Each structure stands twice: as structure tokens, then as C-alpha cells.
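Two complexes are shown next, each including chain A; its partner changes from chain B in the first to chain C in the second.
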Partner chain A sequence: MTIQVVFQIAAVGILVAVLNQVLKAAGREEQAVLTTLAGLIVVLFWVIQHVSDLFLTVQELFNL
Partner chain B sequence: MDTLILRIAATGVVSAFLALSLKKDNPVFASLIAVIGGVLIFFMIAPYFSAVLSLFTSISDNIGTGGVYITTVLRVIGVAYAAEFGSSICADAGENGLAQKVELAGKILILAIAAPVILTLLQQILTVF
Partner chain C sequence: MIYIRIIGAVLVLASCGVLGYYYSMKDSWRIRGLSEMKKALLLLEGEIVYAHNPLADALAKTAAKASSPVRNFFIIVERSINLGFKASEAWRDAANMLAAHEFSVEDVENTARLAESIGYLDPKTQSAGITMLVGYIDAQIEQLRQSEGKTKRLYRSAGVIMGLLIVTILI
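== the complex of A and B ==
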């Protein structure tokens, strides 16, 4: 749970943005949308994993 | 120990600028980076959180009767923190309506948790008169 996670997500975001431009230039619009969706799903999995860790820690810290 | 605040500030600045750089291409990633930055900062501060909370509980133990209510106070703080975390993420994503609804739910839950304490307080006041 270090700064590495933030850099991973930023890297995926930048990669998806570049892929979008390349695919749009090549005229394949729908694949551009699909790559954005795929990148989004991967990042959402990571973020949800960490947010659930956060809420578990809060629950045990404040014994909610 | 004192370098921790520098690391926290650096994490905030780095996440902010990474999110800013991605805002134009795909804004969803920008708000996700903001969320993960917030989670990271919480995990950096968590050990001090539990230290402060155990300080509160140890103080309240030797107050005597006050110790009963410390668990309620802790739960109210936890609910307030979670509600604020959720509503600020919704506000970041631009959904102000959702943010207010989460805030409202947090308030109602806090009232529900604090209700027994309010009742006992009122009874004690009434016994005085």
C-alpha cells in the first residue's frame, strides 16, 4: 500500500489515453471505446480492493 | 515520525497532479486517482489514529462513569469519517446530489447511534427537577 498504486493507476490511465488516440487515428472507433472500458475495469478492481481494505480498517478501528 | 507529514503532503501533491494530467483524456481515471490518494493517506495515518483513540479510551476509563459513552463517541467519529469520505468522493466526481444524500444518511446514522445517550442525559436532567 505505497505510492506504487497511484503510479500504476496513472500508468494505465495514460496508456489507455494513448491507445485511444492511436486507435482513433487508425479509424477503429469501437476498439478505442473497448480499450477504455477494459482499462477502466482493471483500475476499478484495484481501487475497490483498496477502498474495501480502508473500510474494514475503519470498522475495526472504531468498532462500528 | 516528523517526516510523515512531509510524505503525506507529497502523496497528496503527486496524486493531485497525476489526476490533473488525466482529467482531459479520461476524467474517470482522474477521480479514481484522487480516491486512491485519499485511501493511501488514510493508511499512512492509521497507526496514529489508533494511538490517539487508545489514549481517549484510557483517559475515559479512569474518569469513572464517563467511560460508558466513549464507545458511542468512537462510533460517531467512525460514521462521520466514512460519510465524509464517501460524500467528498461523490462531490469530486461532480455528483453533488449524491454527496448530499450520503451526508444526510451519515447524520441520521449518527443521531441513531447517539439516541440512547441523549435519552439518559434527559432522564438525569429530569431527576434534578
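== the complex of A and C ==
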């Protein structure tokens, strides 16, 4: 896992937060929620493989 | 390789920004189109009610003082009437052409509704129909002016932010 993933997640988080505020200010709360959910799904998509690797590593480490 | 990525990122950002800018200007263009249509309808009303001109002449004179696409609309109706088509059919068909420009579906439907009175009822009833359409246009312009500023800011910022998001995800 490179540090680039961390920066990408941070950038997506900031941009989604800004877009959320912009949409809320324009009175489009439903679209703001959808945008936040979409950002969350994209980040989960990146992270899920690493989380799976983490669990496997812990399992191997402790012979579980 | 890095240069191609940078060029791609710039292209994606620019295109999203331009798309946001295009959507932000739609309301302004619609206001401009509706204002032109209102001016032309008031001129047409004057030609029918006060000058008592035949419909084809009234449409030609109105078209001469209007600007595109409203001018084209009146020219198409006038030519269709001169070719022998019924005024109501000509008006309705020409109104459907407006959908390709800055007018919304609702604007086109309301304009087409005037076909029921234009050209064959008495001048007073035609004037009432035109007044009703002008009233609808005024209400739409008022509504658009109130939401114009907010919508412009939303689409412009959303365009740039979406561009940045796409670049971040694809990089």
C-alpha cells in the first residue's frame, strides 16, 4: 500500500465535503446526500482490498 | 507518461468546467428568449388589435422587429400561412421548433396553446390569449431571476469540483 492511496482518499474526502456544502447551500439536500454516499462508496472500493489483506495478515500472525 | 497524465487531467478539468458553465448559463439564455418572445407577442397584439392587419402581415412585421430564434418562429408561421396551411397548425408546428433553442418544454406547450385562438377568433379573444401567454412568460421570468444567482454558482462550482473528483479518482 503506497502513501498515494492515503492522499487520494484525503482529496476525495475534501472534495466531497465541499460539494456537499455547495449542494446544501443551493437547497439540494437529497443530491448532497447522494454525492456523500457516492464518495463513500468510491473510497470503500479502494480500501476494501487493503482491509481484507489486514485481516488475513492478523489471522496468519496469530495462527487463528 | 507523466505529461500525458497531466494533459488528460487538464482536459478532464476543462471539459467539466465548461459543462458546468454551460448549464449555469441556461437560465440566462431562457430569460433572454422569453423576454424576446414577450416583446414580439406584444408587437403582434398591437398589429392585430390596433392596426387590424391580416395575420400574415402582422406576423411579417413582428418578425422584422424581433431577433432570432423568435424571428425565425414568426417567419415560419407567416410562410406556412402564405402556403395555405391553417394558422393554428402553422403556429403549433412552429412552436415545436422552439424546443431546440433555449425554451423549456413548458414554454413550448404554452406557446402552442395560443394556436387555439390565433388567426380565426375575433381580435379581442386573440388579444386575451396573447395576454395570458405574456402573463405566463412574466411569471417564468420572475421565477428564473430569483433562482438565477444561486443556480449559476451551483453549476459553476459543481462543474469544477466534479472535474477535480474525476481527476483524483482516475489518477
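Just so we're on the same page, the second predicted complex is superposed on the first by the 64 of 64 C-alpha atoms of A that agree within 3 Å, B and C clash if a C-alpha of one lies under 4 Å from a C-alpha of the other, contacts with A are read in each partner's own complex, and residues count from 1 in each chain.
Following the convention adopted for this analysis, contacts are C-beta pairs under 8 Å (C-beta built on N, C-alpha and C of every residue); 3 or more make two chains touch, one makes a residue touch a chain.
Nothing here was measured: the structure is a model prediction, and the numbers come from that model.
*Asks:* In the overlaid three-chain picture, which partner chain does A:Val47 touch, first (chain B) or second (chain C), both, or neither?
*Replies:* In the superposition, A:Val47 contacts chain B only.
*Asks:* On the A-aligned overlay, A:Thr57 touches which partner chain: chain B = first, chain C = second, or both, or neither?
*Replies:* Touch partner of A:Thr57: chain B, not chain C.
*Asks:* Going by the contact rule set out at the top, does A:Val12 touch chain B (first), chain C (second), both, or neither?
*Replies:* Touch status of A:Val12: both partners.
*Asks:* Who touches more of chain A, chain B or chain C?
*Replies:* It is B that touches the greater number of chain A residues.
*Asks:* Which holds for A:Ile3: it touches chain B only (first), chain C only (second), both, or neither?
*Replies:* A:Ile3: touches chain B, not chain C.
*Asks:* So in the superposed three-chain picture, is A:Leu37 touching just chain B, just chain C, both, or none of them (first/second/both/neither)?
*Replies:* In the superposed model, A:Leu37 contacts neither chain B nor chain C.
*Asks:* In the superposed view, which residues of chain A touch chain B and also chain C?
*Replies:* On chain A, the residues that contact chain B in one structure and chain C in the other are 12, 16, 39.
*Asks:* Under the touch definition given earlier, write down the residues of chain A that touch chain C in their complex.
*Replies:* Chain A reaches chain C through residues 8, 11-12, 15-16, 18-19, 22-23, 25-28, 39, 42.
*Asks:* Can you list the residues on chain C that touch chain A in the complex?
*Replies:* Interface residues on the chain C side: 150-151, 153-154, 157-158, 161-162, 164-165, 168-169, 171.
*Asks:* Please name which positions on chain A make contact with chain B in the complex.
*Replies:* Of all residues in chain A, those touching chain B are 1-3, 5-7, 9-10, 12-14, 16-17, 20, 36, 39-40, 43-44, 46-47, 50-51, 53-55, 57-59, 61-64.
*Asks:* Can you name the residues of chain B that touch chain A in the complex?
*Replies:* 11, 14-15, 18, 21-22, 25-26, 28-30, 32-33, 35-37, 39-40, 42-43, 46, 49-50, 53, 71, 74-75, 77-79, 81-82, 85
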